[in-house]
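In what comes next, subunit A is part of two complexes: it sits with subunit B in the first one and with subunit C in the second one.
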Partner chain A sequence: MRSFLSYLIPPLFIFSDVLASDYHEQLNLKPLPQSSLLASFNFRSNTSLSQFEAHNFRYFPRSLGQILQHVGTRELHLRFSLGRWDAESWGARPWDGTKEGGTGVELWAWLEADTEEEADLKWLTLTNALSGLFCASLNFIDETRTTRPVMSFQPEGDHGSTLDNMHLLHGVLPHEIVCTENLTPFLKLLPCKGKAGISSLLNGHKLFDASWQSMAIDVRPICPLGQECVLQIEQTIDMVLDIERSKRPRGNPIPRPPPGHDLKCNASKPYHSGDTCFPSDFAEGEDWSLDRIFGKSLKGTCPLTDPDAPPVCIHVPERRDIFTTPGASEMKSPDGLSRCYQVPSEGDFSMMLPRMSREGDNAKTVADETVQPETPLLYAERSFTGHGQDRGGVQSILTNPSPDTIVEFVYMESLPWFMRIYLHTLQARVEGTSGAKDDIVEEIYYRPALDRVRGTQLELRVRIPPASTVFLTYDFEKSILRYTEYPPDANRGFDVAAAIITILPSTSPGAPPSRQKTSNLRTTSLLLSLPTPDFSMPYNVIIFTSTAIALAFGGVYNLLVRRFVGADEGAEVAGGLKGKLTLLVAKLSAKFKGAKGKVE
Partner chain B sequence: MSSSLTARGLTDRSTTSEFEAKTTSNNAEGNGDNGITNAAMVTTAQPNGLGPGSTTAKLKSPPPEQQSHIVRRSLIAASFWLLVLCLGIPIWWKTTTIYRANLPLNQMMNWADGKSCSPVFPIRIVIEAPSLTEQEAQSLISITQNALDAMHDFPGHRLRLEAASQTSLGGIIAPHDHENNALIIRLTPGDIATFEPASSPHAHLPIFEITYPPNSKPTPEAKSSQLATYIAAQLRSTFAEEQAILSYFLATSTISSDQQPQGSHNRIDESLSKRMTRSMKYSGTYHLTFSLFTSGSNPSSWDIDSAINQYLRPVLDMLKPIHNFTIDTQVQLYAVPGVQSQVLTKEDLSSFINAAEWPLSPSIGGAPTINFVVYMGNQTIDLYSGEETSQSWLVPQWGSVYLLSPPAATHVPSEFLKQPVLTFASHLLSLLGTPQSGSLPMRLSTLTRVRSVDMLLRASSSLGSLARLSLALPSISIPPSVADGVAKSIHHLELACSNLGSTKSLEHARIAETEAERAFFEKSMVGQLYFPDEHKVAVYLPLLGPVGVPLFTSLVTEFKAWKTRKL
Partner chain C sequence: MGFQDTAGLYSAAAALRLALFTFFPALPDLLTSRVEVSTPVTSFKRLQEGLFLYNHNVSPYDGGVYHQAPLLLPLFSLLPDASTYPFFTYLLYILVDIASAHALYKIAESGEAATSKLFTSARKDRQWSGYVVAAIFLFNPFTIATCLGRPTSVFTTCAILHAIVKAISGNPLTSMLALSFAAYLSMYPIILLPPLILLAYDRQHPSNKTISLLPFAGITVLTVATSLSTLFAISYLLTGSWEFFSSTYGIQLTLTDLTPNVGLWWYFFIEMFDSFRSFFLGVFWLHLSSYMGGLSIRIRSQPLATITILLSIFSIFKPYPSIADISLSLAVVPLFRHVFPLMRYTFFAASTILYSAFLGPAFYYLWIYAGSGNANFFYAITLVWSLGQSLLVSDLTFAVLRDEWEVERPEMGKLLSFFTPTVDGDEIMARFVDDTEARGSVLIAADGSSSMTLSLLGEPGTLYALPARFMGVTAVLSEDEMKPLRSINPLFSQGAHPGTGYFMWFSVLSTAETNGSLGPG
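== the complex of A and B ==
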């Protein structure tokens, strides 16, 4: 796994090699347990800063470049994510979690500005412009959803002295549903536009059908030693496909139960017989091919890439059989855990991974089909506790699975203002290690919410001892919103953005390479239900109070201005409709009185 | 209210008794509590006697009401009405009224009708004639001026001839630089061989060189001279296009017909109107985007920077006093045009740009974008109309497209781009609305004047629309920012009108136009659309109905009682 990660994350010394060729793309495939497949698409293009400032765009997309120039953005990170990464079975995240965001849309950027107000204005322009470019509601990232993280994010590019007047702003839209209309502009930014190269595999039907997917755009300046600074844009798409689901033909996508003779049964069950079957889903690996999984084949290579860099790599054990279309050449990595393919520049390319028989002479095991995923540094989950419409609580469970290393990380929550947290209820409880102290929270940065102005920002620096679990809990109060502040589907609930966990690089000198980098992790987003009024209320209130006031006023006023005289002294009332009505009322009330009297 | 009703219902049925009469008289004192005690007493009184149906009782007239009671009752009614009128209505008015800033409607309508400013350009033309004597020059000028005035039928232009200051016609003319002169006519005597005057425009300066035969020198006494007629005819043809454009603008604007030029200029030239609709809306800055679209993967880079510097920069430098330009370039591979056919017909050209897939989004920022697209593919244009070249066409108000067949190499050198960039330069000029005839400096000075008139008319018509809108929708709110914008716009319009023809007036007209547009498109003015009158009725009626009816009836009763007392 370590070697795979080093493949995925090019260490800094590779950059000099990358600069020679201005555009680079690679697809990394990795079969995961439970018949899933992780596909990581990576596209990277560079432009020299002088060309960028002269507005000459070649590989760098002009539409994005103009926005960045207009608002003075030094570094930009944009994420579109959907689904949940199942860390229990899939292991560590691709790219160490640095190229994924919380569910929905996440954006953070370093803007060049002299004052905070200027930075806010530029941020507003940036979100509006990106909203138009990516067909996403990024313009809803207003001041209540914007935070200025203190400990969680560090710039990735080389900024030199300009770092002093750079402002980091971060915004999340957890409610945003990522879909095809976000993929199309994403592909438009690529030099080969999904027409050639690995991007020709991307298609909205498969991407948004995935169990988990994340689209990322990172723009950062990079200054290699002794060379001109370049601006790098890196676009990444990671997705976990359910192989069986993806193999369904486009024309007949409805799942149907397989016929009896195709059922894979778990023969170890005591009741297993000819007519009873306990289906075993993942007992035998699936066979799959690139064109069936993605619905189309790879169309040649993008001619702008370095012809020596292999565009497709797959991370499987050496014994796994793989067949490819003719013309492609295979290169095995020395550790035997991955191989890469040189794709013919014209014509279609596909690869086929047949089913490996678990029986017979040449029986294969699961270990021959997939590489065992690496254990992540930290497991994190977060949920609501409590009940009722008034108060609630949040509990985050953070587990350090490693038996011997301490994990230090920053836990950041940016909560909406209508979720008022009680910081004094914040508690961290450690379980697992005997005799562990509970004061594992080393540093707290807290920026309280202001109603309708900004949300809560909470950053905690935590150290988890080895093989232990931390329960982080706090309580909050739900506020009542104004009538117009409720969204149209108020009873659905309000999305609370994912907590962002930044695992800090290990400081010990002997740490393995995977621990020497910052890695990220995000919890799932939460759905908070707030007390929701009946939305016809204002009209009811208007009519009710009006009627009450009118009744009281009419009565009092009539008593004040009428003259009361004896019944025999008043004018004759018996005539006409009014008189008849009065008589009727009198009769009815007399009857009523009589009945009442009888009862008494 | 219902309790008092029952009370009265019961009183109706209860008959004569001293006790009853006393209670009613008590009640007449106008105390509300008494009414209720009265009711209680009546109910208690009921069982002692008189069953239902005893309506045969004799009616007596009530005792005369005390004067103080009558006065008190009138005072009560009056005080309620006073409260409603002096407190209720003002509060209601204050809280529900829509803020409408005062707009100078008359002034705005005057601008829109063209009553405030008639666009007249004083055009100063200087005649440099070093070879002529002062007197000769003077007489030549007066004859030419007469000839011009005689043939001139367009009121928008006032051509004024002057002698150049070197020949010094006394201190009448203030010393002026070249900028104030629209045109300089340089007269040089030709040799004996020249029989007719000949003219040639200067390439880079607004100078008109006229070579005349020596014998056509005017004499001071002559009423007409061949040279003078020639100069007048030349000037007229020089400014003919500008006049046509100006009269086109005046004709298409909302300015009323009496301000429009009469006669032959009144009809709108077909080709001129086509050309005018092609040109972009005026702006101080334009973004120029040069895009290389390739049908396949080759070529992927081009030397556009040096091509622009070589072939386009001179034109941009000339345009600098009027427009600023920012330039960006991009390369896009695998671009599929909107039309797939090999040979493009005239109809195909309009759908050639694949707006859905090509990243030609307008530049960020306020300025409009002009797109110049070089498409490398093997498509050709079918030449059945000779209007355009076979490789490029102009897309009105958008930009221009140039088709090139792809070279073998992956890099396009700048020499290869010479023809496209030169074509783009000429397309740029026509997209900016530059007139087609004359030398480039002349065309640009014409452009300044034409654009100022255009801006002036646009601003005026925006003001007029705003004035009409505020009159037509009485419930629309007009925030103070709108009034502010209108005031600024009118101020700049006046400034622009007072020195028409200069670059300053163009600047003022531009500010006036943006201010007028901003005032017209003020966001908060749209809010009223969401609050219709039916809505108000639904909210007010439950309150105002039941409260208003007793108030009104009491007023009417009091009024009737007062009238009967009077009689």
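== the complex of A and C ==
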């Protein structure tokens, strides 16, 4: 394999600009508190726009490239996510949350089209094509699930003047369950296809067993100053693994209670002694190695990758012991908070982080094991309020933990049409700083839902004062649907997509670098239970209702078409139609008899 | 017919409503959220949402929430915000209720229900006064609940009642304007147009009686068409598009919003197979409008009866009925107090309606909140509710027709209950058990042996037992057998035995069968 590729690659590099077309991959590991490990895989390849338009795709996946060319997609973002990011203990999100999606599948793209109708048609083609490519139900992103966000999304690429006839469309499938069949096509898009390099660690059993994971594909044009524009595809997988859970052997995955002497106790409890043990939630100072938690070792490097960039980096304090397989070289960053490893191009690579002793001469503390996570700019939670199946409310709790900075963000909800919201009940209540004014909502963009045509789109631009919490609440009514519109598991409920929060870059000039770019976060999705009819009843209902109508109609018309007579006059007036008919028959028979008589 | 008589009544009704608004501040919002009070096309909460969007320059018709007429928006924009100053909204709804009650009062006082132009009921003296009819409307729990729940259907109710009162008082044009307004708000009142034209025609001022029915109908239809187009044009100017058409009236035709209500449509169209949906929508609308023609023709002489029956039918079979509709139907039915004795199932219908009125909310709770019942519970109770009302409708129809028939056939089914000389002593007034009466100078009793007239005179007609026995025999005899008898007398003979007192009598009758005079064939 290696020898074949080495023949193939040098000619390619000769004929192309190395800067314009390259491939880069990196795995960032970051141990998190509570015995979790964040693993961020990042794969990025560029191809020049001119090459791309000439159907010379190079490292750009051809299957995806052809779809994008066919529907005139200028920028594409696709997310497959699962689980919940525990911001309280894990801190700020990787990539500032820009590479994560809401639970399920989320897709947004800028399409080139002259009219909205044309954009809709192209969007339909795009979702259907991507649905086939990624084995996901993206084709169910119909008009009722598509929105055109106004404030929340800004193009990441450089578009120049083409921006004028570009249409942003956004669709979410919160019910989609991301699984192995989505990972396989994802890996196929990579130049090394999961056979070598960091992608060889990716395994559906581990990825979808994670506490939280997000797979992202971003395609955007980038025009560096004075250079040719390139089309960049960036594929990212972030996952938070529970170290203890991941170390469970594949052959014996069923957790069993550990024997008494292996039990990890929480020694801080007052009753902790030799014979009483309060089990601790997570094992502190757990030892782990790359091959145990991913189930296999890293298989060399991808030969196409930029040889200067180290493929594996880990963010741990300087005092943390790390052992690697021989052949790997370690590079420490100057701030002492991370180190990277250059991996031998062939052969397996693994790294081992041993258990750190909390006792003895060289005792280590928690601070030596993990880097303290960054505090996020904003905490967000969203939940339903109320009970019953005819109405309810939504409450979003947004907290600005910073003691001195104002956070300005756009809060976007795209809700299904059968959740009928009442915007006049929208309230934003601030708690925390005294004297905070209540009109913190600066701008509202609202597009109400139309039954069976489109969903609700609500975007709010909000400013939260420092160290305060905002409670956004509104009421909604639950519609009852036609019985054919319910899914087979109607009583499970309907998933409502996550709210997307886009934190706007700080406008003050002295803001730290982390505040000068857009960052995102998403709430969890919600489960909305609607009132259900009885699905076994259509015939009965049709019959009962029709009977009730027939009784009323019969009751009234029976009176209207009749003439009232006394009971004793019945026979004599029984005339009407019947009498006339009898008379007619008598006449006819008389004539007939007469005619017969003449003949005889 | 002044305001003075009823001022007390109206203030009592207003005070009751104000007290409920004041002492139970949570009650209006609770009732607004009830499916029995608020429907997608009348809900006050949806009105507020529409108003909010309208005031923020978002078209309320470009969404699935607001389905009410555009003119309500500027009307409610003029009022102070309902959530901060609810008092003004309450006041408006109380005033609308009183305006409706006053219209009812005038309808009842006009006596139109029993004495129309073409028909005078024999029971016309048994009517309730306007005061009673208005009180029944104002203190009906359904009306009070409607007023507190603030659905916009109260405006339709008010417009319909004013259309009737104007037609009766000989103002056909005003009446048609009021009807146009009702139809503009809720669409279905347009079905009331034919009986209302008849009513207005019958009650024209004698000065313009020359015009015949057809031109009259043409003019009134033209009036309605003109005023409706004006209202639509104003709405277009207000909202800037014709979107309100499909949102306000389209939803009633296509029933896209299936929110439960007390009617029959919602569950039927939830459970309906997709391919038959449009067919049954057509059938349901056809059914609703089919009563108009039949009733107008059959009860031509009493257009108000037709309107009353139609209003009751609407409250059962319109797409989004609520208790506001039954409160209107129960408001006009008491106008026909004089035919109540002719109704046969009042107890049954009343208890069915009462029973479903109490069980309905309970079953809705079981379905939606407790989860221990399913949709069939509430559906079943709406079915009972509708059956109870349709029983009332057909019974009322029967009573009205029977009342008409008794005038046509005064001899049928009369039983004297008493008679008395009139106060001036010139005439005798006879009252019958069916509450009708007759007057005349002479009362001739020809009512048989057990005569009511005799018993009223204190001489109850009885049979006297005579000290005699009587036995009769008939025998068919041949010509020969008859001879000895004929020899005594060819026709009859009689005689008495002086010793025993027996009496014997026979007669001979020669029939055609025996004497051969029966012709051939």
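Rule of thumb we're sticking to: the second predicted complex is superposed on the first by the 516 of 600 C-alpha atoms of A that agree within 3 Å, B and C clash if a C-alpha of one lies under 4 Å from a C-alpha of the other, contacts with A are read in each partner's own complex, and residues count from 1 in each chain.
One rule holds in what follows: a residue touches a chain if its C-beta (ideal position, glycine included) is under 8 Å from a C-beta of that chain, and two chains touch if they have at least 3 such contacts.
Keep in mind that this is a model prediction, so the values were computed, not measured.
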item	value
Contacts of A:His387 with subunit B and subunit C, given as first, second, both or neither	second
Contacts of A:Lys188 with subunit B and subunit C, given as first, second, both or neither	first
Which superposed partner A:Ile549 touches (first subunit B, second subunit C, both, neither)	both
Subunit B versus subunit C as contact partner of A:Ala196, first or second or both or neither	first
Touched partner set for A:Asp451, first subunit B, second subunit C, both or neither	second
First, second, both or neither for A:Ser508, with subunit B first and subunit C second	neither
Which superposed partner A:Asp534 touches (first subunit B, second subunit C, both, neither)	second
First, second, both or neither for A:Ser50, with subunit B first and subunit C second	neither
Contacts of A:Leu559 with subunit B and subunit C, given as first, second, both or neither	both
Interface residues of subunit A shared between complexes with subunit B and subunit C	542, 549, 551, 553, 555-561, 564, 566
Touch list for subunit A against partner subunit C, complex	387-391, 417, 420, 422-424, 444, 446-452, 477, 479-484, 531-534, 537-538, 541-542, 544-545, 548-549, 551-553, 555-561, 564, 566
Subunit A to subunit B touching residues, read off their complex	54-58, 61-63, 66-67, 70, 129, 132-133, 188-189, 191-193, 195-196, 302-304, 539, 542-543, 546-547, 549-551, 553-561, 563-570, 572-574, 582, 585-587, 589-590
Residue numbers on subunit C that touch subunit A, as the complex places them	33, 35, 45, 48-49, 51-53, 56, 58, 62-65, 256-260, 264, 266-274, 284, 287, 290-291, 294-295, 298, 309, 313, 316-317, 367-369, 371, 374-376, 379, 383, 386-387, 390-391, 393-394, 397-398, 401-402, 405, 409, 412-413
Subunit B residues touching subunit A - in the complex, by the definition given at the top	1, 4-6, 8-16, 20-21, 24-25, 27-28, 30, 32, 34-35, 38, 52, 55, 57-63, 65, 69, 73, 76-77, 80, 289, 297-298, 300-301, 304-305, 326-334, 357, 359, 361, 363-365, 538-539, 542-543, 545-547, 549-551, 554, 557-558
